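Input: structures, listed below.
Shared chain: chain A. Partners: chain B in the first complex, chain C in the second.
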Partner chain A sequence: MSTQTKSIISWVVTFIVMLIITTPGLWVILSGFRPLQEILAKPAIWIPQRLTLDNFRAIFGIGETQIAIPVLAYFRNSIIIATTSTAIAIIVGISGGYAFARYRFKFKDTLFLGLMLSRTVPGIALSLPVFIVWARLGWIDTQFGLILVYVALNVPFTIWLIDGFFRQIPKELAEAAEVDGCTRWQAFWKIEFPLAKSGIASAGIFAFLTSWNEFALASNLTRSTNSKTLPVGLTDFIAQFTTDWAGMCAMAFIIITPALILTFIVQKHLIAGLTFGGVKG
Partner chain B sequence: MSVLTNIKRKMFSEQATPYVLLLPAVIMILIVVLFPLIFSLYTSFTGYKLTRPDTLFKIVGFRNYVRIFSDWDFWVAFFRTVGFLAVVINLEFLLGLGIALLINKVTWGQRTMRTIMMFPMMFSPILVGFQFKFIFNDNVGILNNALQALGITDAAIPWLVDGWLAMGAIAFAEIWMSTSIFAILLLAGLFAMPKDPLEAAQVDGCNAWQTFRHITLPFLMPFAYIAMTIRSLDVARAYDVVDTMTGGGPAGRTELLWTLIARTGYDSANMGMANAMAYVSIILSIAFTYYFFSKLVAARRYMGGAQ
Partner chain C sequence: MTEVSLQQVVKRYGQLEVVHAIDLEIRHSEFVVLVGPSGCGKSTTLRMIAGLEEISDGKIVIGDRVVNKLPPRDRNISMVFQNYALYPHMTVRDNLGFGLKIAKHSDSEINKRVEEAAEILGLGMLMDRLPAELSGGQRQRVAMGRAIVRNPDVFLFDEPLSNLDAKLRVQMRTEIKKLHKRVNNTIIYVTHDQVEAMTLADRIVIMRDGHIEQVGTPLEVFDHPVNTFVASFIGSPPMNQLDGKVIAGEGGENQIALADNITIPVPNRAKAHVQVGQYVIVGIRPDDLTPKNHGMKDSGETVSFDLTVSISEPLGTETILFSQIGTKEVQGKMLNPRPIEGDERLNFNLSLDRVHVFDASTGQNVLGPHHG
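Let's turn to the complex of A and B:
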């Protein structure tokens, strides 16, 4: 085989792979902007005849056609729960990550392993006891209950990532600052924190995405508009008699957009974090 | 007063600092993970039913475990889950390796392609499930529409209604969702790879396959095991996908361990039994993670000095 045919083949294969990766998602997003009749049409209409925002109006309850699903409340819950749990997870993660990166102490490895193992517990398996305990404490169907769970879910990973970022900063920098008269706390805030800031930000986005996307726990710990999040709300559509594909696609678009934007912002850190955090252990 | 300052001094002494710093994290994990898990270990020895709170104190010993281990449905779901994971993770590795090698060769637009590859990682599992429920739908799905338009089939193929097809569709969704983790990490590995050994191998007369098999692949394996470790941390995400796509149906043909747990615990309100199953799934998860992590450690050691 000549080099030219080889390179043509690899181009074609690459193109097909990229097509398989992108088409399903784009098709769902596109369908969110199409009227339901067009989605249901037989034979299928391939090229959209009419793009509309009606589906979005309907799920947000603007205009005549309304859907009996309170998407606005779910959206609000998702925002509150994801941002609050991320903020707390980051603070806890900085404190814990710094401890692992900068100190030697007894049980260090055991503690680290324990934290990481807590992450392996499948969400659905964890949901059973949490459900029983939360029910006794009256935390079922509250934002607080879900926030608490998400913080614990995110802490191991944020610690792991932030630990990696702190380790990349030479110890000597903070030590030099201490020699110059800074307290350890000042050295941390003035030297190490600013250097690790971008890494911490990407850990935050990771945590946000986990909370924003989580389903197994949320679907069992929430009941009503008090605390139901968007992913749980999406299944409301399935429970109905006729599946409203257009509405669901519109809702899918709402769930995916913040995730899309945030991931693009951190993609460089994401790859660096995953690779170096893992290889250098 | 002196006691207080004493405690204060202890709190801020150099030895205590790391423990103080780690305290919030440990407390969080204790409240949300460890304490509930101990509690669920206890309930797995009771006949606890959600509908009858007094059954929480009815100790039944190992009866739940005996019952699930002699339960045919449980074993079917268990082996289906293990088989599913084995097939899916291996395919993800192979496809991810293929994609990484492909993109590494391509000289133009590498960055764009890497960005496109991240696309599935942004999707929550519930969205992936919904997306493929939509695509594989026998009536309105794009797949059947395409097959019919191309004249490949006249009848609608019941992708999510037939047991085997549904399992295939779920595996496809799962692979679509997670292959990019492998591809991205393996690509990072290829970028980090030193060129000298490759050139040396060429000088020594190795052909392309030999070079790949004995130099590239061993170098990439730590990266592959990182991907597998990350992946095994949340294998149970498949629950979200299965729950939306088929709900474990038709007739339990796509029931995985996790959907079985949810059904037993919430729908049948049989919490004691569900917690016993949950423990099996937790041990399974830990075993998967431990296996890949120890492989990662071994691969690092083999690489020598990558710490």
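Let's turn to the complex of A and C:
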């Protein structure tokens, strides 16, 4: 087989695989811009006949629609909860990851194993116990309650990922900085932190997406506009007898967009492109 | 004036003591090399001087300050690491200037000193490159540059050449020596390579298992090793060490009986220090065991015996000859070499004045630690 046919085949295969992966997402986005009749039509209308922003108008309560959904409140909740929990998970992840990578202390391996084991428990299995405890503490339907849950969910992962990145940085770099006149703290911020940036960015984006997209726990622990997040808000479109698929898809588009933009911004850090040439490898 | 002084310095990790109460005085602008096999505590000692390891006991003095509790940044030292430890995210220029920037020098001052260091080490063309874009030798040079811009009281080198290939290593060795001549600061240098130690040092400190075995100039430790360890560690090929026993010879002259019925007279300088019946180890450098007519001209009093050469390694100017006395392998040297065929039996001359005698039970030189 010539290299040309090979490359054509590999492109075709790649295209098919990508199509399978992206079609549901594209379908959701497309459906957000189509009238409900067209979405539900049988036989299915594959090529959109008419694109409209009516679904978005309806969601935001613009124009002559009756059912407005408090999207802005949900959006605000989602932003506050996702960013706060991510920030905390990252701060804890940096400190914890650094400690695991650099220091020796008692029960280090046990602790690390414990953190990893906590990842093996499916989040949904914890929903009832968490619900009971949170109810006793009065944290149901609060942003704080959800932030705490997401921090707990993300911290083992951020620690694990950031630990790996700090481990790759030879400890001589910080020592050289100390000899060069840095305090321990300066050596960390000027040398080790910039080198682990790509790992920290990856951990950040993962933590953010987890919190941003999480549905199961949030649906149990939230009640109202006080704390309901966007994914939970999607269920508002399910009424007793009807489901507003068009509105739901439009809202899904609203949920996807910020996550997508953020991922694009951080993407260049995700490619661990930092060339480690400072020390002999 | 910057002397460095180690007084009864101990390093313990938990119960494990790795450096045992060592004493060492290093003079101003002296080039001192700590040498020893891996695990002998030489790197730990260097790191204690740098302040990267705490000391468990004793006292370290740099200049006129006890630095036991001072962090590295307050010791006015600089260090070249084995893996160079250049900051990967900074250009060569920023790597060189980093220490000065931390110390809040003015930009013009930093520039001036960085350019100066670059000039000394020939880094001019590389200033805007990242460490990843440099070859091993260039990285090594940047690491040295970073050390000299700060003009520290003491330079510390931790096996700086061990990552370079053989040819570059010899070249950088010379550069380090030149650098020392030029800046004239105190240098403490750690290596496991005795050739590096011999060629660079004003004084060599030979360490083993957390103890200092001997301190002296390269020629002192070569000519007067205090024990069999130093004798075998310094010099290449290593010194032959043969078991022997002191016996009474004719005319009151004591002899040393080696294996294979070879006896040699007790060397003059050792005569007063051995007794009949004492078991000894006889140390013979390959340079001092040469076939007749293939040795050095002025080799003093000699004794000769026949040995069968089993293997020969021609090196051009000389050939290393392998033979056996008893069960021990011995190496000799043939100067102005001629080809050696098969198991040839040759008559060897041994330069008696340069034979070392160690006590077999203690391994110490019979002349004692202080010899004339």
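Basically, the second predicted complex is superposed on the first by the 239 of 281 C-alpha atoms of A that agree within 3 Å, B and C clash if a C-alpha of one lies under 4 Å from a C-alpha of the other, contacts with A are read in each partner's own complex, and residues count from 1 in each chain.
Operating definition for what follows: a contact is a pair of C-beta atoms (placed from the backbone, for glycine too) under 8 Å apart; a residue touches a chain by one contact, two chains touch by 3 or more.
Everything numeric here is computed off the predicted structure, so don't read it as measured data.
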Which of chain B and chain C A:9 touches, first, second, both or neither: neither
Touched partner set for A:51, first chain B, second chain C, both or neither: neither
Contacts of A:118 with chain B and chain C, given as first, second, both or neither: first
Touching partner for A:194 - first (chain B), second (chain C), both, neither: second
Per-residue contact with chain A, leading partner among chain C and chain B: B
Contacts of A:175 with chain B and chain C, given as first, second, both or neither: second
Partner chain in contact with A:186 - chain B first, chain C second, else both or neither: second
Those residues of chain A which chain B touches in one complex and chain C touches in the other: 274-275, 278-280
Touching residues on chain C, where the partner in the complex is chain A: 50-52, 71-73, 77-79, 81-89, 98-99, 102-103, 130-134, 136, 139, 146, 150, 163
In the complex, chain A residues that touch chain B: 10-11, 13-14, 17-18, 20-22, 24-25, 27-28, 31, 39-40, 43-44, 46, 91-93, 95-96, 98-100, 103, 105, 108, 111, 114-115, 117-133, 148-149, 151-153, 155-156, 159, 209, 212-216, 219-220, 231, 234-235, 238, 245, 248-249, 252, 255-256, 259-260, 263-264, 267, 270-271, 274-275, 278-281
Chain A contact footprint on chain B (complex, rising order): 15, 17-19, 21-22, 24-26, 28-29, 31-37, 39-40, 43, 48, 99, 102-103, 105-106, 113-127, 130-132, 134-135, 140, 142, 145-146, 148-149, 176, 180, 184-185, 188-189, 192, 222-223, 226, 229-230, 232-233, 235-237, 239-240, 243-244, 258, 261-262, 265-266, 271, 274-275, 278-279, 281-282, 285-286, 288-289, 296, 300, 306-307
Residues of chain A that touch chain C when the two form their complex: 170, 172-173, 175-184, 186, 190-191, 194-195, 274-280
